[in-house]
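Both complexes below contain chain A, partnered by chain B and then by chain C.
Presenting the complex of A and B:
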């Protein structure tokens, strides 16, 4: 974008949000080039709108000027989903963090996109309710971002992911319209399930400005068990044994040896440092049920090779265990300056062999790979540790990531469970979808975003061309995103 | 406006290798940050300003860029974001990667010239001109207390003069504290009562001793009542906390050396500190003395003996006081105690041992009140925004008295509550404990009534 165009655009945006909340100073916009992934790209202009109406106007202005738009709020994406890879305008929801309504009796709440996931549950707690999807980054990630990626979390095993908990959306579309899709409460939806279509679309079709969510009464009792295993294989087989036993816990999480060390260093929650793997399991419900389920589950764990099964003795210990688990990715900062996290899914029964293959990749390449993941869903999160300051490591790690995702797809799984395709996994999506599959998805996007301006360069495979709108039909050249908006530094 | 150099960093590493970071910044500490963003919702300045550049992650990113030479330390935009930080370290508590944000920020500030005239004045007058000099400090303290004794604050309030005078709001709404121009010093040794359990040094401090001498006396009393010999070194000491947090590294280093030397060779089991900012600084003397080859190692050992007053007394096991104080009290966590020293429960335990005292929790008790060292002098507007939400939470808590553990917070919150027209005194945890142990003097009326 040339300077004159940028100034003109900035002037129009400032007329909507005020001078303070739209800026193009190259120093300041540099701070919107990153998220929690290793990807970076510079935007031209950053806008911090305060209301849905402002968002709609901002989108309209950008669409009229044919400028790409990338929405972000916490920018905790692990797949580069909020990196403005085609430059243009970044809209950030730092100011739109209000809970608009809590209607506990009707099991619903209405929020702005910038509301932090955990803040919603904290606000609901005094009413005796909570919002179920609990991504590990829930202390920072926002409901808007959760809608974009159809986020999961440990407790989605039993209760379902974001799409199961969002009933309706208000959306700013590239046309400048502010529209509502879905119902304002559970069970009231009629017509096409457009909410389902938008949840998980990663901001490529529109930007959510208001979100109607389902809330749920807090379970009377929650019990957390930690089962200690000698190795990952035994623990993986135990997961299948638990599910076969007819009990579906609210959560089954696995951590391997390396992860346990980082987690324990960060949390001091009492994870056993000498274990080969641990499973973290949770059951909830009325006390009698929880008691019975807990005992049965402990029995299955022991029979499937656990050397020890511990039950969190009180709420503080339970919270500490979960805090450790949920801080796991960030705790890797203690082991290595950089990491690259995958989000592959495999059928549960394929866990042992997939993990063994990942281990073999680690041994062959010399890069350490940690595993901490939602075992119950078969949703793997291998973390490859590396140092971006060492030449060649980043490229090597990308190749390892690609290999692992291929492995997952070949096992009958997927290349993403909950982090989204974003920028990083665009090429990997081919492992699960054919050209025709992708073409249909792109045609749907085209309905809402005819000029390809909404979070361009994401989800669909194809080359990224800086500063220009992508061609509508995805370029199916089989290559990975090697070129991330030339001229921007990539490091973490 | 100058365009910044844009670099393809990957290509640059391949070609030239990693650029050597600026001297004075520990790149390993900087790279602990993986920019996951978990700190953002816990950052008070991000909540007020909504800008990534004013978030902990954004600041770490900028410091990394400056350290690698991509932006200049004296770039006004860099200066603005670096000095707009409270340095409250709430982000450290939120960070699973273990980023030592406070240390990195202090290193960066040491290389970053102050942002504006107001900031330069605060440094010249307060940090370098007054606090390191015991005699000047004593004279200033005398004038401060004499002005209080002459009821100047009331005059400033009635006439509205506080609104136009520099520092008027602080002068017009003084905290519970000293108002006798002449005041005795603490004895060199306050002997233990009952069985002797420990021999401790007590830092009386700079501002603390001139404005809150009574709090020091009550701290010594609480220690003595719990079986401690309390040793107060002869020299009047400023530990250098305000200087180090503001990036005045040389002054901070000199004061750290002087403070450490004063407590050396006294055969102490611990050095007790009742000001959170000072305690936090003294627990990090290894960092402050990193360029002092003679003292660097001793600094680490010294830091291990430093304890916050509540932390030390609760560890020792508090003897229950005899006097009842029937009050509803909320505790405000000073940032440099809860985030800087990870001391969270002990002050609450010290309060609840007082018979009759009911502890209530306010919302966001561990959020910065905006005092933040000299921040309320250098950045009054942002500081006021933080104070406003603090005052709101205090009022909602229904507490009759607020207890805290740092002179800066006590000053700031006390001023905020008085200006809001609320008669809710703000005192130190050691004040309440000292009164419960039988100290007489300076009790606000509501406390006196509660003891009757």
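Presenting the complex of A and C:
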């Protein structure tokens, strides 16, 4: 975009949102070039609208000028979902962060896209309710972003992911119209389920400006157990044994030896340093049931090879166990200056062989790989450790990531369980979908976005426009995990 | 192309008058029937229909064929009856892959053998097929607790008029790769493609089940108790409000007017606690617990009540929970009603002569956050009714989606919302 075009666009956008909330200063827009993935690309203009109507007008202005639009909130995407690879305008929701309504009678909350996930559950707690999907980044990520990626989290094992908890959306479409699809009621027979279709479309169908979500009564009691295993294979088989036993845990998380060491160094969660693998398990319900299930689950864990089963005695101990898990990514800084995280999924029964293959890749390439993941639903998060300042390492790690995703796909799984395809896995999507599959999806995208302006260059293979590819020059080296070690900036 | 030449290109075989009858949709009969052997075969058949182009009505078990407006055209019946195999089932993964023509009962029996189930109970599972359940978004009485079809489908293969078979989703329980086309096809009434294969996640069967029958003086008290239960932890697996005649249809006679029937499922301790809680709520609402004994066919009859065989008219209101009172408020005194208060759903069997006026009243009462449709009606009555109501916001997008996937409009033409 040349300077004159940018100034013209900026003027029109400022007329909508005010001078303060649209800017193009190269220094100011730099903040908006990245997310939690290694990729970066500078936007031409950043806009911070205050209302849905303003979002719609911004979209209309961009559409008329044929300028790409990328929606962004907390930018915690690990897949480059909010990196504006074709530049243009970044719309960010820092000002649209209001909980509009808590409607306990109808078991709904209505929120703006910029509402932070955790703050919604905190606001619901005094009413006795919560919002179930809990990505590990829930202290920063927003409901709007969750809708974009169909975000998951540890507790989606029993209760489902974002799409299972969204009943309606107000959308700013590429045409500049605002449209409400779905709403407060539970079911729908009013035409195609555009709400369900939109969730997880990663900003390529439009922008959600208002979201109706289900809220759920808080479970009276939660019990968290930590089971210690000699190796990941025994722990993986234990996961299947628990599922077979008829117990439905709310969460089953796994951490391997290397992760445990990193987590303990960073947050002292109380995981034993000599363990080969740790399972974190949670059941919820009424006290007398939770007590019974906890005991049954502990028994299954011991029978399936756990050397120790520790039950969190109180909420403080429970929080400590979860803090370790949720801070696992940040803790990687203790082991390595950089890491690259995958989000593959395999059928639960394929966990042992998949983990063994990942181990073999690590042994062959010499790169350490940690595994911290949602074991209950087979959603792996291998973290490949490396040093971006050593020549060739970043490229080698990308190849390893690719190989891991291929083996997940070959095991009957998926290349992404909750992070999204984004920019990063656009080519990997071919491991699970044929040209015919992608062609149908592409037709649908064209219905919503005929001119290819909504978060272009994402989800679909081979689309980065020449000259706009993200830079991987030395001064754009991946941001370092070490910079945030011990902090709470990176999660999964 | 002349008519004869065109007919010669169509898939399937010409049908005799006797063969036509089972494929009647409203007042229309097909001239041909095609029974694809598998998903690829279905895609090839559709391509031929599209080339003609000729109108196709898709048939599963036929239990929801009274839903929707009458087709504008109807030449070929595409039946999924030969596509009825369980393709994959790994109990330890709690997932399975089935062909769309598989009957729900057959699927549930296969799952039951492993102590598992799909917690979806559309009406008439002995006839209803998996594909039909998706297309009609047919749900049972457990929707408030277990969710609806969209919450249990993890992958799909669809045959399109282009002749292509395309997949979405996959075989794992957590997956965000690509667009979620499962959601698009569920409830689309076969207007965008022929659902050929479906991947489900399934669950372990609950440890115990229990039923509780209560009587309340007013529908408001019954509804309030049902919604109050949904707002608390330990919600029942099903909560149904029935009037006297609906109760009789389910095999029970009573001298009271309004019944709240509750089904509890789960771990033994949980069910016990839930039943105690429900009992105290019912008493607080001035109701009386009548017992836990129901005829063995009670829950099956309740499940099937909204999709009756024969010429009954069923009107369905889907509203926010707090709007259910408004729906009951405009119902005639002697209405035959079955409501699921926790799901915001009210089904009413109405006399054909009053169908139009009741529909109008319910639409006004449901307000702009609700929706009222005709869930079943004979052809003659349907002609006089707006079965779907006004097209929803976002309808231009829906029409464009139809155009993108079925450009010649051969799939179930005219049966869906807004004449799609």
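One rule holds in what follows: the second predicted complex is superposed on the first by the 460 of 492 C-alpha atoms of A that agree within 3 Å, B and C clash if a C-alpha of one lies under 4 Å from a C-alpha of the other, contacts with A are read in each partner's own complex, and residues count from 1 in each chain.
We adopt the following convention: contacts are C-beta pairs under 8 Å (C-beta built on N, C-alpha and C of every residue); 3 or more make two chains touch, one makes a residue touch a chain.
Predicted model, so just to flag it, every value in this text is computed and none were measured.
S.K.: After superposing on the shared chain, does chain C or chain B touch more chain A residues?
M.R.: Higher number of touched chain A residues: C.
S.K.: For A:139, select first, second, both or neither according to whether it touches chain B, chain C, the two together, or no partner.
M.R.: first
S.K.: For A:126, using the defined touch cut-off, is the partner it touches chain B, chain C, both, or neither? Pick first, second, both or neither.
M.R.: neither
S.K.: Touch test for A:327: chain B only (first), chain C only (second), both, or neither?
M.R.: first
S.K.: Between chain B (first) and chain C (second), which does A:95 come into contact with in this model arrangement: first, second, both, or neither?
M.R.: Only chain B is touched by A:95; chain C is not.
S.K.: Figure out whether A:366 sits in contact with chain B (first) or chain C (second), or with both, or with neither.
M.R.: neither
S.K.: Just to be sure I read the superposition right, which of the two partners does A:246 touch: chain B = first, chain C = second, or both, or neither?
M.R.: Once the two structures are laid over each other on A, A:246 reaches chain C alone.
S.K.: Starting from the residues of chain A touching chain B, keep only those that also touch chain C in the other complex, and list them.
M.R.: On chain A, the chain B and chain C contacts do not overlap at all.
S.K.: With touch defined as at the start, can you tell me which chain A residues reach chain B in the complex?
M.R.: 21, 25-28, 30-32, 34-36, 42, 48, 74-76, 92, 94-95, 116, 118-119, 137, 139-141, 265-267, 327-334, 337-339, 389, 391-392, 394, 486-492
S.K.: Going by the contact rule at the top, pick out the chain B residues touching chain A in the complex.
M.R.: 1, 3-4, 6-10, 12-14, 17-18, 31-41, 46, 50-53, 58, 61-62, 65, 70-71, 75, 77-78, 94-99
S.K.: For a test of understanding, state which residues of chain A touch chain C in their complex under the given definition.
M.R.: Going through chain A, the ones touching chain C are 104-108, 149-150, 152, 156, 160-161, 163-164, 171, 173, 179-181, 183-197, 199-201, 217-220, 240, 243-244, 246, 248, 285-286, 288-289, 292-293, 345-349, 374, 377-379, 412-421, 425, 429, 432-434, 436-441, 443-448, 459.
S.K.: Which chain C residues qualify as touching chain A in the complex?
M.R.: Per the stated touch rule, the residues are 90-95, 115, 137, 139, 143-144, 147-148, 150-151, 158, 160, 164-168, 170-184, 186-188, 192, 203-204, 207, 227, 230-235, 267, 269-270, 273, 316, 318-322, 343-345, 369-371, 373, 388-389, 391-395, 397-398, 400-401, 404-405, 416-418, 420.
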